[in-house]
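In what comes next, chain A is part of two complexes: it sits with chain B in the first one and with chain C in the second one.
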Partner chain A sequence: MDTLNPPLSILQAVRRRDHIAHNAWQVFAFLFIGLALAFTLVAAPSGDTFYFRLATEALIYSGLAMSVDLLLGFTGLLSLGQALFFGLGAYTSALVLKHVGPSFWTAMAVTLLVSTAVGIVGGFIAIRARGVYFALITFGMAQVVSKIVYNTRELGASDGIMGIPVIQANFLLFKVDTAQAPAFFLTVLAMTMGLYFCIAYLLRTPFGRTLGAVRNNECRVPFLGYNPQLYKMLAYVLAADMAAFSGALYPMLRGFVSPELMYFAVSGDAVITVVIGGLGTLIGAIYGSVILTGLKSAIGTYTGHYQIVIGVLFMLSVIAFPKGLMGYLSPLVEKWLAGRRENP
Partner chain B sequence: MGGAVDYIQFVFMPQVFNGLTIGVAVILMALGLTIIFGLLDVINMAHGEFYALGAYLGITLASHGVGFWLLLIAVPLVLLPLGYGSDRLLIQRVFHQKDRHMLTLLLTFGLAIIMEDMFKLAYGPNTIRPETPISGGTELFGNFFPSYRLFLMVFGTVTIAAVWLVVHRTRYGSMVRAAAFDKHMASSLGVPVGKVYSATFAFGVALAGLSGVLLAPIYSVFPTMGKDFILMAFAVVIVGGLGNIKGVVFAGLLLTQVQAISSLYISPVWADPLVFAIMVLVLMVRPQGILGGKLGHA
Partner chain C sequence: MTGGELPVLEVRDLTVSFGALTAVCGMCFSAERGKITSIIGPNGAGKSTLFNLVSGGIRPSAGTVLFEGADVTGWAPYKLIRAGISRSFQITNLFFELPVYENLRLAAQALESSTKSLLPVRCSARARERVDELIEQFDLGEKVHELAGYLSHGEQRRLEIAVVLACRPRLLLLDEPTQGMSHSDTQEIGKVIRKLSGDLSILLIEHDIDLVMDLSDHVVVMHQGAKLAEGTPPEVKGNPLVQSAYLGLSVHAGN
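The block that comes next holds the complex of A and B.
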């Protein structure tokens, strides 16, 4: 067979498989929205706030996990310090809300500006390193910055920043009070899923395909006329923005920020989330985050030592189920979708 | 003139000395990391937790009446089978897969999470301060030096020399270097490569445990002590060149001196970023490390 010009049918088959995989993920995305809305309908009348806040937290952490998946699953860069940007977003938004003005959109805009700037600086340092060196550099950057924040009195040192005001997020047609747990949950749901659909779309554009090429074989990418460093940089800054975006929502939920948000535990949890949910699926990060947050809360009611359980689960996942939840569930949906297409 | 001499004698010298004692312990820990990476290509994210395990084991054994001198032998001996088992049960399971760098890093990271929580479970979250095994001090050049720190320096230096001898002058060491150079060739010449891998992981982990025992009286013992220390060890290993023993000694002394001396002039808070900046700079300019040359290649 002529390998340079494969028959059109192969290209079509590859494209179709890719299309079906994408559709399967979209099915899971819509399923997730459906489940979340059902949860709201069931839980809202009971006046509960605990579970709404927990679910909101899971969604916020899923944004961080998606940024880790963008780097690791789609670009092949293992970041062990993504909490740096999550914490950066949380601190920036907290400072804006407290000292500039209680405006949702100002906080988000300033956060994205700051995280883009810091992301470019961080990317300049980190993307020169490959493989495990990248992991170690990102790990070190987050450790160093969290230590500096921990020791800076202007940022509240070890206490962090407390007393962040409750705000009204203005969405033109209606306003959302962040103190209203169900309403804020729906807002964060909309933002997280909006982020998901944007990134999922972006990964199917030529930009996303180039990231995949960098992941699969970085050395070949320059021969095709693309600059891998540039694409790694763009992915890094984009991931920084995603992490900061979700971090910015954190003080609105909890009313405080602390240096712990930048600690390795948060970065590590994001990696665990992605591995358990399914690396390189993006939607897996959201399911993984719900699973991890739920597990922590559930085990936490019995014992404070839930990290042992999470660690064992994570190691089992790496050894025995490396594809993660979505890696095993999505082929089932794909089969169903392919069957439906053949026999309409 | 007299002021300058006094400054050097009473401000500069003690700081250099403190840097040296910490440097020796960091080198012990980083040696384990670098040997494991040089042979197995594994970044051991749980290395800091094995260091903490050494310190905690020391406390437990000491509370059962084991003397400090015996601890220096007993703790590494207990850690050897633990390290051997970790490699057999965990690392070797994913070792032959394509992206083993990533997988082994993730696995050791998972191990680190579990170990840290185990420490909290077994010993509580609070800081434990073991009493200094050698009290008193010694006067040298008009300065007062705690005897324990002097002992740590001497003992650490002897151990570092012993590690070098083991790697470069024993049969086990030559098997390690052969396997690091070309594992297929070593295997066909009869080197039991799988066992050498596990033994080396155990050896590295035992070194981490030993530095845990040694540093416990100085830094005290708490569940996250490994995390606080691991960045320095990583920096030393990277600056020295991953897998390079001489490089680790050189970089360990250099970085701990930078940390010690710089904290005379800038707030100690900024000493860590400075060390990290050196690590990043080395990665940019000489990714193979200052001295270069991997285990088995030099």
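The block that comes next holds the complex of A and C.
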């Protein structure tokens, strides 16, 4: 067959490879959307809310997991305190909805402003350090902030903030009531996948590729003409915004926020999610989040000690699938895509 | 020396210490535009440290670096790259987990205006053309998809030079480009370097004395962090100081 085809130029060959790898992720992204819509069709007539709320929660946590993947999988920064920004988003959104006005867009906009500001401050503190020190600083910052929140009466202290009103998110053509589980699920699905496609796009630009260079060999990056500190800062702030963006949806789903949202358990789960789903794949964070949230809920109905089961499953999955679910599945899809191209 | 024209690089009284060790001490020299200037000297003489100082890897504790007449002392490497100074590394320093193509593309990306940094990489036409040129020039066509870490030593050394050239520097610093290479590969690299000079000013650290004598327009000899001698290759070869410091290597080359 090869002899019949004119020889590919280097550029064409490189593009084709790039394209196939990228398309494999896209296949999984669209597959996910398909699965989510199928779930909606099946579950909506039953009038169930429990599973819709659980699925919505999985999506919300997947935004947090994607932010961890942006940092760890694409920039090489292990954040053990990403829940800080998730909780920050949740609290900001809760406060806006409760005290400023029940407006979806105001809550989102204020959240992003606050998370950008806090992200810049946090970034200045954290990105000076590398490797394990970066991880410890992010861990420490989240601990400090969660303890402050825990002890601040104005923020509800250990109880958190309750009684967040049900709101109507206005999307010009239609309105979504957060109390309507299927509709809100679809809204969060759209926002999560929108976030996914934006970040996936960004990772294919020179900006995103430079992050990859930082992950791969940070010392070499300045000698290519880029300031790695600047790129790490941008990645950190972007990840802060992503985590806060997802966190802002949480009070709309559950009607309350609590300091636990900032605890290490949440940060740690986000890292586990990314590793299970496939580090550095972005889409893996979404699948991983569904798996972990589903498992937690399923195991939680039998035993309160679900952390033990999750821990064991995590170890087994890391041993069996060191590249995570997507790392295991995507080569199969790539092969299939490549084969389809050669024999149209 | 041609004289009259502004040197592309001028280093004055450059000094840096690591604790008690003064690795470079009051170093002065200049490099002519479009010429090959070699820095030679025994192990530990401070040659790589001098490169680090000129390329922004470390800041000098005293002295000045003038690039095309402008003071660039203590500039960060990413600024110097944009200004036109690019360097290779004695110990191969690539993105080992990225494909050859991506290594080059990342380096060539600096040619694009920053307005393109948020457009898909396929829009960076100038970078792409540059990468294709380099793949051809360094004969890496069969390896474009290979991860840089999987290349042979010789291929990695070639890629190291190609990456440094990607951003079209005006001054090229090559730190032992032929390190660990076979004799025939060394000759090949020598040819490449000769071809590059002219458009490009080159500063070369090299242990292969024959290659140095063959390629250089001007040779600077370093010893214990300071300049021992300088001149044309024959002048340096004939210098008794150099002969004694350099363990008789130049005497050997002279025979």
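Rule of thumb we're sticking to: the second predicted complex is superposed on the first by the 325 of 344 C-alpha atoms of A that agree within 3 Å, B and C clash if a C-alpha of one lies under 4 Å from a C-alpha of the other, contacts with A are read in each partner's own complex, and residues count from 1 in each chain.
The working rule: a residue touches a chain if its C-beta (ideal position, glycine included) is under 8 Å from a C-beta of that chain, and two chains touch if they have at least 3 such contacts.
None of these values were measured; they are calculated from a predicted model.
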Record, for the superposition on chain A, whether partners chain B and chain C clash or fit.
-> fit
Would you mind checking which one, chain B or chain C, touches more residues on chain A?
-> B
For A:R17, is the partner it touches chain B (first), chain C (second), both, or none of the two (neither)?
-> second
Put simply, what angle do chain B and chain C open at chain A, by C-alpha centres, to the nearest 10°?
-> 80
Does chain B (first) or chain C (second) touch A:F207, or do both, or does neither?
-> second
First (chain B), second (chain C), both or neither: which does A:G101 touch?
-> neither
Can you give the closest approach of chain B to chain C, taken over C-alpha atoms and in whole Å, for the superposition?
-> 11
Touching chain C in the complex: which residues of chain A?
-> 10-11, 13-15, 17, 201-202, 204-207, 209-210, 212-213, 216-217, 219-227
Which residues of chain C touch chain A in their complex?
-> 55-57, 76-78, 81-82, 86-87, 93-98, 101-102, 105-107, 109-110, 112, 116-122, 124, 128, 132, 135, 141, 144-145, 163, 167
Partner chain A, residues of chain B touching it in the complex = 43, 90, 93-94, 101-103, 105-107, 109-111, 113-114, 116-118, 120-121, 227, 231, 234-235, 238, 267, 269-270, 272-273, 276, 279-280, 283-284, 287
Please give the residue numbers of chain A that touch chain B in the complex, ascending.
-> 78, 80, 125, 128-129, 131-133, 135-137, 139-141, 143-144, 147-148, 151, 264, 268, 271-272, 275, 304-308, 310-312, 314-315, 318-319, 322
